Amino acid sequence: ACGSSGDSGNGSGGEATADDGEPKVLKVANGADPVTFDIQQTNDQATTRIARQIYDTLIVQTNDLELVPGLATEWEEVEDNLYEFKLREDVTFHNGEPFTANDVEFTLRRAVESPTIGHIVDSIDPDSIEVIDDHTIRVGTSDTFGPFLTHLSHPAVGILNEKAVEEAGEDYGVSVVVGTGPFEFDEWVTGTHVTTNRYDDYWGDAPEIDRIEFNTIADPSVRLIELESGSADIAYDIAPSDIPAVEENSELTLMNTPNLGSEYLGLSLHNDTPLREVKVRQAIAHAVDVEAIIDTVYMGVGDQMSGPINELVFGFNDDLEPIEYDVNKAKDLLAEAGYPDGGFSLSLYVGDNSQERIRVSQVVSEALAEVGITVEVQQMEWGAFLDSAAVGEPDMFLLGWTTVTTDADYGLYPLFHSNSFGEAGNRTFYENERVDELLDAGRYSTDQDQRLEDYREVQEIIHEEVPWVFLQTRENVTGLSNRVHGFEHHPTGSYDLSVVTLDAE
Amino acid sequence: MLLTSKKKINQAEEEMLNVPQGSWAEIWYELKRNRRAMFGLFFILFLTIMAIFADQIAPYGMREQNLSNALQFPNTTHWLGTDDLGRDILSRMIYGTRVSLTVGVSAVAVSLIIGGILGVVAGYYKGWIDTLIMRFCDILLSIPSILLAIAIVASLGSNLQNLIIAIGISSIPVFARIIRSGVISVKEQEYIEASEALGANDIRIIFKHILPNILSPIIVQSSMGIASAILSAVGLGFIGLGLEASIAEWGTMLNAGRGYIRTHYYLTLYPGLLIMLTVLSFNLLGDGLRDAIDPKMRER
Amino acid sequence: MKKLMSIKNLQKYFPVKKNNFFQIGTEYVKANKDISVDIYEGETLGIVGESGCGKSTFGRTIIQLQRQTGGSTLYYGDTIEDFMPDYVQTVYRNLPKISGDYDQDLNTIEKMEEELETLDAAEKEAHFETLRLKKIEFDNTYGNTLRLVGGLVAHDNLKQVSSILLNRYDAASTLAEYKRNLEFEQQKQKMKAAYNQEEIDRLTEELQTAEKNLNEENAKVEELKAPLRGMTKFERFERYLDEGIDLAALTKKETRLLRKDLQIIFQDPYSSLDPRLTVGDIIGEGLLIHKFFKSKRDPGYQAYIVDIMEKCGLKAEFIHRYPHQFSGGQRQRIGIARALAVQPKFIVCDEAVSALDVSIQSQIINLLLDLREKNNLTYLFITHDLGVVRYISDRIGVMYFGHLVELGSAQEIFNNPKHPYTKQLLNAIPTMEEDEDALWDVEEEYDDFEFHYSKDGDHDPDWIEVAEDHFVATTLKDREAYYDKRKESSHEFVTS
Amino acid sequence: MFRYIVKRILWLIPILLGVSFIVFTIMYLSPGDPVTMILGEGATEEAYQALRTQMGFDQSFIVQFLNYVRGVVFDFDLGRSYVSNRVVLDEILVRLPNTIRLASWSILFATLIGIPLGVISATRPYSKVDNVVMFISLVGVSMPTFWQALLLIILFTSTLGWLPASGFTSWQQMIMPVFALATSSMGTIARITRSSMMDVLDQDYIRTSEAKGVSDGRVIFQHALRNALIPVVTVIGLQFGALLGGAVLTETIFSINGLGTMMVNAIRTRDTMVVQGGVLFIAFIFTLVNLCVDILYAYIDPRIRSQYD
């Protein structure tokens, strides 16, 4: 944000439209077309970034990851594993229907059934859902589940209007979209743009802008060009290679903040390779120059990780140090493991949807060549890549994980628990009894201090046994025109645009 | 030599020297007089040498990285600069010749063999099998070849072999049609009947009489076919469906350089230029061959 | 004189491309409609006729370059015994299935012949045509059966006959194969090609056992025949027995074997030579196909080709040249050399000299005549050049719209033409000015017969002998009288 | 003639069926399961199976294909996208105009420039002008479309800042994609025009009119060009098909929301229904354009017309 000049426009008051007659339109360059606004049928970021403006959740997670009231004004655990929510009474849906506990019930029951987002709310016990009155509802979990409330703040659990969903049938989410959020759905031209208009009966603070236009522009450099030419006010996901261009442009601002994601090089224990030996894995971890990867491939975006989750996530172990780049140490470790000159070969799979990961695969393959390990890189279509990694085909693979719930459970359980082999997330087929034990304990306890302890220990073990080579934290990188004020990143990558204000052009 | 003295020969004499279905020596004689075709031929030879001796010629290794030297503009140590991982662009371009020539030639071989068999069978035996084959070709032709190639590569996975198959398949109908029409016109000739009268069987007739007589259009089409196969391969590489990225391939290089187009133009400029020259060379050679074989078909 | 070929009711129709998708049935170009003629060993049979009347088609069809669509072409250059083609076996095997039908059909034909005499003139005409067609049909259906089985069809137990004949077939075909191989080796020996003495010895030995075998089988057949002898039915059918090979019934592969005996010199010396092969390769192709030589590197190969080339008036050094480097006349010689190289017995010369100027023409004609003497060749000489045909032919056939309308010795045709078309041809008056139709639809009358021929090709139904070995297609005024006369002169007439 | 057209239109059916079958087979053989694609990282086995059944993937290949064909034939239903659950026909209709516009402008541009270039060359054969024009044409044919697009962006967007690099609504946005796409066709059209024109100029009736003293311009435009255009028209028809294919890459580079971009994305996400629908549409258009060309052809040349009757 640029300070004085823009703020003056802001000072003139909420009704910007009245002043100059021109509606204030915020143009956002989004990297992909949304999939569907039936938010229970998708969980992709391009959709969420728009849907978040349309739907509200019961609980809101602030940009600082605090849980604050959303559509629910207060909540308490009335019994073990049973929560009672008091709902706002002044809320109407975009179709004019009043917001009631029935909509919440409908939404949650439907969510549990959803194949796409079911895993986010699978802790909910559908039998326990009970509508007390129009604005009170009780929801229980089948087991003690620490991060339950955090999961309810996930944008995918935005509250739907039962009537609208039922009436629209197959069209829901495509031409009919009804939420309670600050903006209401206007139009979606597939592949081109989605527009939303300010919802005047919004229960919260009315947004200053009248309209948001989300333009789908897949190519990152074109997004930048749009931003430069003024065709976009906000461009999401600036490519690392384009960062200097934004920074050097005095009319643009680059915003990059860490998010909940992390990148890793998975070392699979599934196949009978030298990777089954800890020393070999450690050697590989030492052989890869993560700093150099961050500098050259990611243009400095991100920090080297010391473990599988990053510091924004609850449960982060801040005692661990990143594994340092040390080729000699790597060679020594290999020798200790019985491979003095390397002399074996490993496959490395990478999905073809990320230029950066493809580059990393090349850096890794060169780095391992240094210590005598031959790497056969397999570049694959994303879906095929996920499939083959899930069945343990690759010896090594490049992937990332975003702990959207900001809780270590989500950031560790799917990835390192032996229950999560394959599809569920543990694609390295890593197995450690102690880790399983601790992850189970962390999952089914609400004692946050104990949980923290458990998770710290898990990270220590993983740091030692390196089923992953920890690469870098991911960052949200957005290019902004200096006209834009108030925009802030949310670590999950979907940003609240209702607070944004715009200078006149 | 004869060549230079004959250069100023007038049109009429030229006609006289021209025998429609000349021997190879005559075609070569014609071709040698065509400067553009010779340029094409020499450039192709040059590329072939680069491809074969890439290890000796290239100043750096194909995968040789120097992360601290990334994105250097052309300079004296790296004549054409370095890419985002600090690899030498010139060296990668030289190594890239291998992939492009291999894919170009092999893909044409695939479509030539399969298309050839289909075309010969269709043209020689006619009847329902001809109809069947030609309808199959119509079907393949009505799917844009790049889409077909994308779909095949996407489904088979991208390695050299699959790339060749994908590109090869999409130009099968072109070869099948050309060869079929060649076979049909040659089969009408009385010398085929003469061979039958001597007791030759179908195989002998096809290989000894028909194929040699349709060789010229096949050669011309192959030359042009290599040009378009290289373009297709590069196109696939460009949209990220090419080979694994550490292998130097021109299309992949363009794709990787695309993100830097604003600041580091040379990443896309030089490989692109080389692609264009290569394709141009094959087209020039094809044009020249066609002119040499049949002067009446000039530039058609 | 020995018959080399006997062509019966040969028919060649070309299907015409359908005009549209919905057309039902096919239309045909009837290039050869119904041609019957015998060709004798060592003779030159000239065929003349206007352009497009089907001469080339006739030439190609009898050597089976194109499959005939009807009739049979019997070839005597090789006997059935020596060749034993597949169709013999088929006929033997199917013998029981057609039991009796031929008898019935033949009876019908005979009855119709009898009826003919009772009818009045108007009805007779139509009846006669039906009878003629019936006879052709009969020959097409039973011709090969009768020719191969003969009187044995009169046997009560055709199954038994069939099985004995099949056994005989096996023995005979084994023998035939040995004979063929031996003969071939010997021919190679004669041509000074690489031959294998051991092979010859081995074959001679095998041949003897096979011969003995066959004799045994033959004895069985004789045993079968013995009780039947003297029966009218047996005797009637026994007369059908025939040694000729029906070329039209051969498989593609068998036809290829016979190719070396039946050759053709093509009408067009330009399109009939493969531009991509050298002269040597063109002439040598047949030699390699029929394995006279194993490969081009065989020592005798080159020498043999050069020899043939020189015989045909081509210089030895031409051997590595390509066809386009030759003049028209030289090309024609290449075509001739190609045909002669495989030492055929019969050559169709399709306008072999028409494209040439006069001096070259006579050179080549003399060459052909010369070769005929030396190699006991038989020619079917197709041309529309009357001068040439008179000079070269022993007999001449006149063709008109797919039919043979007149056939006789060269002298007879030129001195005593009977058919009005032949006369026109001989007069060779340029007829540009005249109405075309007037030329063709001529009716001419003689004492005994008259001509009604027309462009539509419905020809005169009778094929009569107007002088010794001089036949003409015509319409008899009094058929009975004619045939009675024929019977007296003891000529055989089974089918038309 | 009418019957011929009807027959050709009837041929569309087996061709489209064949196209459909080929695409379906390729997509079926593709690794990467649309179900996984939809569910993303971390879904349960039950959810997976449920969705699989719901989408009909548990049925055999042939049944799936026949169901698809039945839908298309009887209900004109191209199905719904596996990924977005949108009606495929809608997805296509949104994008079709962009692709058609891109291809049509390109072919127009290629024709308007290619034909005059060819004519110029043909009237001065083997001259310097001819050599230069033909060389440029061949370069145009040899230049990868996408590389040319990149060069244009470097020049007009990055360096000069004159033209926008994406979108396809204003004329400024259309210049670069149309130019990039048209170049290759332009070269082809120029080359064919030249050779066809030279053939015609070589013919006797042209000589006759020249001898009669008709002016050069008249000879070229009134007599020669009209006759020379016949093969050119065929090539233009075929080029239109090529352009539809070329649009795939062009659209991707200029972020044009057309069928090409849609198909490439759909192929990558294994969205079989969208791929199918898109290919069917493109094949349909391609075949239809060629039919029109053939009809036009017959219209221009009476000799050919009589063949069809």
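Residue numbering begins at 1 within each chain, and the chains themselves are lettered A, B, C and D in the order written.
The criterion applied here is as follows: a residue touches a chain if its C-beta (ideal position, glycine included) is under 8 Å from a C-beta of that chain, and two chains touch if they have at least 3 such contacts.
This is a predicted model, so every value here is computed, not measured.
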item	value
Target chain C, source chain A, minimum contact steps	2
Chain pair with the higher count of C-beta pairs in contact (B-C, B-D)	B-D
Taking each chain's C-alpha mean as its centre, the one farthest from chain D	C
Where chain C and chain D are represented by their mean Cα positions, the distance between them in whole Å	59
Centroid distance [mean C-alpha coordinates] between chain D and chain B, Å	22
Chain centre separation in whole Å, for chain C relative to chain B (CA means)	52
Centre-of-Cα separation between chain B and chain A, whole angstrom	47
Numbers and ranges of chain C residues touching at least 2 other chains	none
Chain D, residues touching no fewer than two other chains	30-31, 252, 268, 270
Chain A residues counted as touching two or more neighbouring chains	381, 384
Touch list for chain B against partner chain A, complex	63-65, 67-68, 70, 84-86, 154, 157-158, 240-241, 243-246, 255-256, 258-263
Touching residues (chain side chain C, partner chain B) in the complex	60, 63, 65, 256-257, 259-260, 263-264, 266-268, 271-277, 285-286, 289-290, 322, 324, 335, 338, 342
In the complex with chain C, residue positions of chain B that touch it	19, 21-23, 189-191, 193-201, 204, 208-209, 212-213, 215
Interfacial residue positions of chain D with respect to chain A in the complex	30-34, 36-45, 47-48, 50-51, 80, 83-86, 90-91, 94-95, 157, 161, 164-167, 252-255, 257, 261-262, 268-270
In the complex, chain A residues that touch chain D	33, 35-36, 38, 41-44, 115-116, 118-119, 122, 170, 173-174, 189-192, 216-219, 222, 225-226, 229, 231, 353, 381-388, 390, 401, 414, 423-425
